[in-house]
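Everything on this sheet refers to the single structure shown next.
Per-chain numbering from 1; labels A, B, C and D assigned in written order.
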């Protein structure tokens, strides 16, 4: 494949001084990822990033489910920007793709319809007494990692290669729909051949898999999975993607959208239960990583510190393949060695038999 | 040979359905039997019907059948006369001349010699014609003769050999032993003069052997070849007089009809698929042959307009359309009870009246007919119940024509219920396809079914419709197959036209009328072929010089209109346009 | 002797030149490429008669070679045009009595519709590439294999507001059907699928050719624009589209995808508008003085149009245009 | 098996690569004129059965040509074979013949 078109879609990503907005889904399902992101930026790369306890959800889930009206979400977003300005930052980076899409969409709306911006300023002022400035630079956190990918590569302790054979790992990347499908110019590489994750994978020694359903949605679509009766449609999308990537025998999937990470991971369990199909070698599913986890592994973080025990599909086979040492018995120990509980055994998480709890009880 | 034939007949008769056996039992002792005997003489021996169609062909068939029959009868009489009054089998005469000579019977009864020779010449003339027909059928008024299969050709060849060889054999016998009439004796004398005795002696045995072989081959082949018709036609005539008929599903009686086909090929010429499109392998003769030998293919069975032109001329009077229909049924009928469940509770009819009007699917594509009928009904002050003005259910005949008889029944039941429900006493339709199935299969007791041509004529005769007559207006009329040959309605539409203007007849009219080519019965020919037939029909109509081409079938109207620039209208349209 | 400059040595320009030359006018053809013939010299056969494009060109060239009052200047690009002069890229200025602009069109760059993967996947080619393959008698996949299933996509860079080409390029439908037939002739056992939005068979013999492609050559026609093209594990291309006639999405793996790229207006047309005061249509093609009675004249006296400079046209129309422009020019010279 | 309260929706996509095109090819080989359909919808618009129930001949035969045989036989059984569609088809397709052919070929599906 002659990949060159991504170079047509570039965007400015601030190099330092970020105001960080968390993701509802990521902090609940992959809390380690957000923590590690802050850690990498602050400690490993020495950048200034502010994790503001005052900020809230962008209410994007509500917005996309027709619960939150447009005016409300505009005001909520305006408040986030106000907090950023108050904290003295100009570069906004959000951990969530949906939020990123919302911010991009609203900034564009304000651009096209200035009266809505005025109205929002009025609403925000009435509601909170705050005033906001639009960010100078808006980036998704994966953009930020992409921006620093070469620096991370320099500091890496290992590459995305098979420890035993030296072959590069085969990586499937999945980009959240709202990253660039709404505004192709807002994403690295545009919407057709997005490069944000591919760039990381290539810089860190992995091999990218280009498979037919690469651009297909994971099926998250809020309306579809929120209503139980519609989940069949939701899961069908993940199913389609997994079916399409399976012949390439990928070593793992990496996503930049928290919802996609969750879905591609957890639906594998559901599909295994429903159809008895597991994807990936060894019949234990294809591990799904967030790009923070991928960066964390490359930089030598402990997998359990990265929160990888929260995955439905066990990551141990991947860790073994990468030659990463880990303590199996520490898998379900959280901070301070406290037991965090473990999921029921299922086809896609049947790896570590010998946790200490198994032994203890 | 006789054994084979008898086994066939007995098994067929035994397999007859009960209703047919009842008919047979009733008929057996009725005057029908006598009439059947007379018909056997007329048809099986004299071939009267062929005579009517084509004199030369009639002579050919008559000379072969009647001549041979007389040869056998007179020969038997001769044998009896020579051998004295003792039991002689019917076939006793076959080699009589041979054995008579060997046994030293040398007496000659001149009258027998003369009659036998005359008859032999009679038959030989038929053989000569048959042979000539094979070579040059057009000279005998047949544009195309049947293309026979190999087996038939063997039997045919044997038959051709039988009589010339007999002539030679008897002549040689006459040359050696004397005797013979003007023909065999004459040739015998000639031979004895020209050819030496040795050669004659030498040829004597072989030629009788060849004769006997040819005869043997012919009779062996007969029950399995087309010559089975010689005997099958006889029981068929009886059964037919007992009112046995083929039906929409195959039954044992069909065997008599199928095997009564002599493959004379008279059905080939009138076929428009043959005339117009050059399709030479689907005609009734081939259909019956393939059906008889169990090698019928869908593309043959379905490639027929079912216009009935061949049935019209078939000398044996075989019900060709019905047989084809029930073959299609055997091939395609799949009982499916629930197939038209969606019809339940549907009723798009409108209006109220004791007279119902069923436009039919095709009429909905010729709205001028619909409007004209509306005008006519209004003019006649008829209250009308419109069965399908806003779309209805097909009458079922098109489905039936493709062989899905049971499925068609679902539709027919639906329509029948609809008619009963709306309490009509008269059902008028402008579609002959619907008309035919309403009359023949719907069993609409208490409801009189009329084609709109009949209905309009009745209105005119009753004085309920007043029509302007104008001799300046010239019309020509196309008989729709389903209306004319199908339902026997020829004169009513003509009477209606003549009440309006001048009617100019086409070359082929009434029973000989051509088919428009768009017949629903044919699902094989393509659009171009349909158009070609339609153009041909339209040309014939145009050649009458009439200003307006009239027909009484929506399908014919649509088809013919494609083939001409002249105005093509439905009968109802000219009536509606000339109301006073 | 009057001197006319014709900018563009394609079929329209050549036709115009030969007609003018017959009327005793001195003609100079400016051709920016090394040889005359314009786009047609790259084509293999012309629809709907399958006439070799080279036949048409050699006919025209022959007519031009016979005339001794035609000068052809190749490698010359006109940069500025007035009714009485043409400046070349080299800085040279040629004077004349009238100018005929016959610069034609530019082929749409299929790379812009990146979802179709032109320039990304090996076996995604354009109709122009396919014509070249036909000319070399070398139609095959990048790895040398013979294609077993080929998709042809209509309206690439035509009727597409997303790439700012709202107009219909007119000839692509016919070209697509023609190429489908040629491909079937080359590879009778291959399946050829045409993905179309509308089939616009506007000319004589076109509809008949379309029908022949369907019925005789068994070319499949699917109504629906391809949404995206992806590689498959066995190095084929997976295409997604909607089969709009059944209302269902459709997925198909093909060996080769041919993009029927449309005609877009030349970039130079903007310069013509700003520098020469000529009017341009919204599509970017030049606006003739009148759509009916003045279709070979521009809004500027002494500047004329021939061929696809004013709208997408097929070869026959371009030739006809060339002759019309010649007539208009000589009328104008006579009445001046 | 756990009851999740939903099942995986089957894809609506027509997957030409997975569909068995043999029957479709046989049908087209026997009646190549079917390929001449331009999807105008005249047949469906005039359809007697289509007036009474949901039945779309154009769609059914298009799907069959794409190798989607499931349900085609049952759909075609709604047809009354009245022949109006053949009279209106601008491409002169022998629609009744097509229906009979498809039914014959797809009897098993």
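Everything below uses one rule, namely that a contact is a pair of C-beta atoms (placed from the backbone, for glycine too) under 8 Å apart; a residue touches a chain by one contact, two chains touch by 3 or more.
Here the structure is a predicted model, which means the values were calculated and not measured.
J.: Report which of A-D and C-D is connected by more C-beta pairs in contact.
T.: By number of C-beta pairs in contact, C-D is the larger.
J.: What is the distance in Å between the mean C-alpha positions of chain A and chain D?
T.: The answer is 45 Å.
J.: What whole-Å value do you get for the distance between chain C and chain D if each is reduced to the mean of its CA atoms?
T.: Taking the average C-alpha coordinate of chain C and of chain D, the gap between them is 38 Å.
J.: Need the CA-centroid distance for the pair chain B / chain C, whole Å please.
T.: Centre separation, chain B to chain C: 63 Å.
J.: When the centre of a chain is set as the mean of its C-alpha atoms, what distance in Å lies between chain A and chain B?
T.: Chain centres of chain A and chain B, defined by C-alpha means, are spaced 82 Å apart.
J.: For chain D, jot down the residues that touch at least 2 other chains.
T.: Residues 11, 33 of chain D each touch two or more of the other chains.
J.: What chain-chain pairs meet the touch criterion?
T.: Here the touching pairs of chains are A-C, A-D, B-D, C-D.
J.: What residues of chain D sit close enough to touch chain C in their complex?
T.: On the chain D side, the touching residues are 11-17, 28, 32-33, 35-39, 58-59, 62-63, 65-66, 68, 91.
J.: Mind pulling up the chain A residues that touch chain D in the complex?
T.: My answer: residues 228-233, 235-236, 239-240, 270-271, 273-275.
J.: How about chain B: which of its residues touch chain D in the complex?
T.: Touch list, chain B to chain D: 298, 302, 332, 336, 339-340, 342-343, 346, 348, 361-362, 364-365, 391-394, 396, 398-399, 402, 404, 407, 411, 518, 520, 523-528, 555, 558.
J.: Considering the complex alone, what residue numbers of chain A touch chain C?
T.: Interface residues on the chain A side: 1-5, 190, 192-193, 210-215, 247-248.
J.: Can you tell me which positions in chain D touch chain B when the two form their complex?
T.: Per the stated touch rule, the residues are 33, 46, 48-49, 51-53, 77-78, 80-84, 87-89, 92-94, 96-97, 100, 104.
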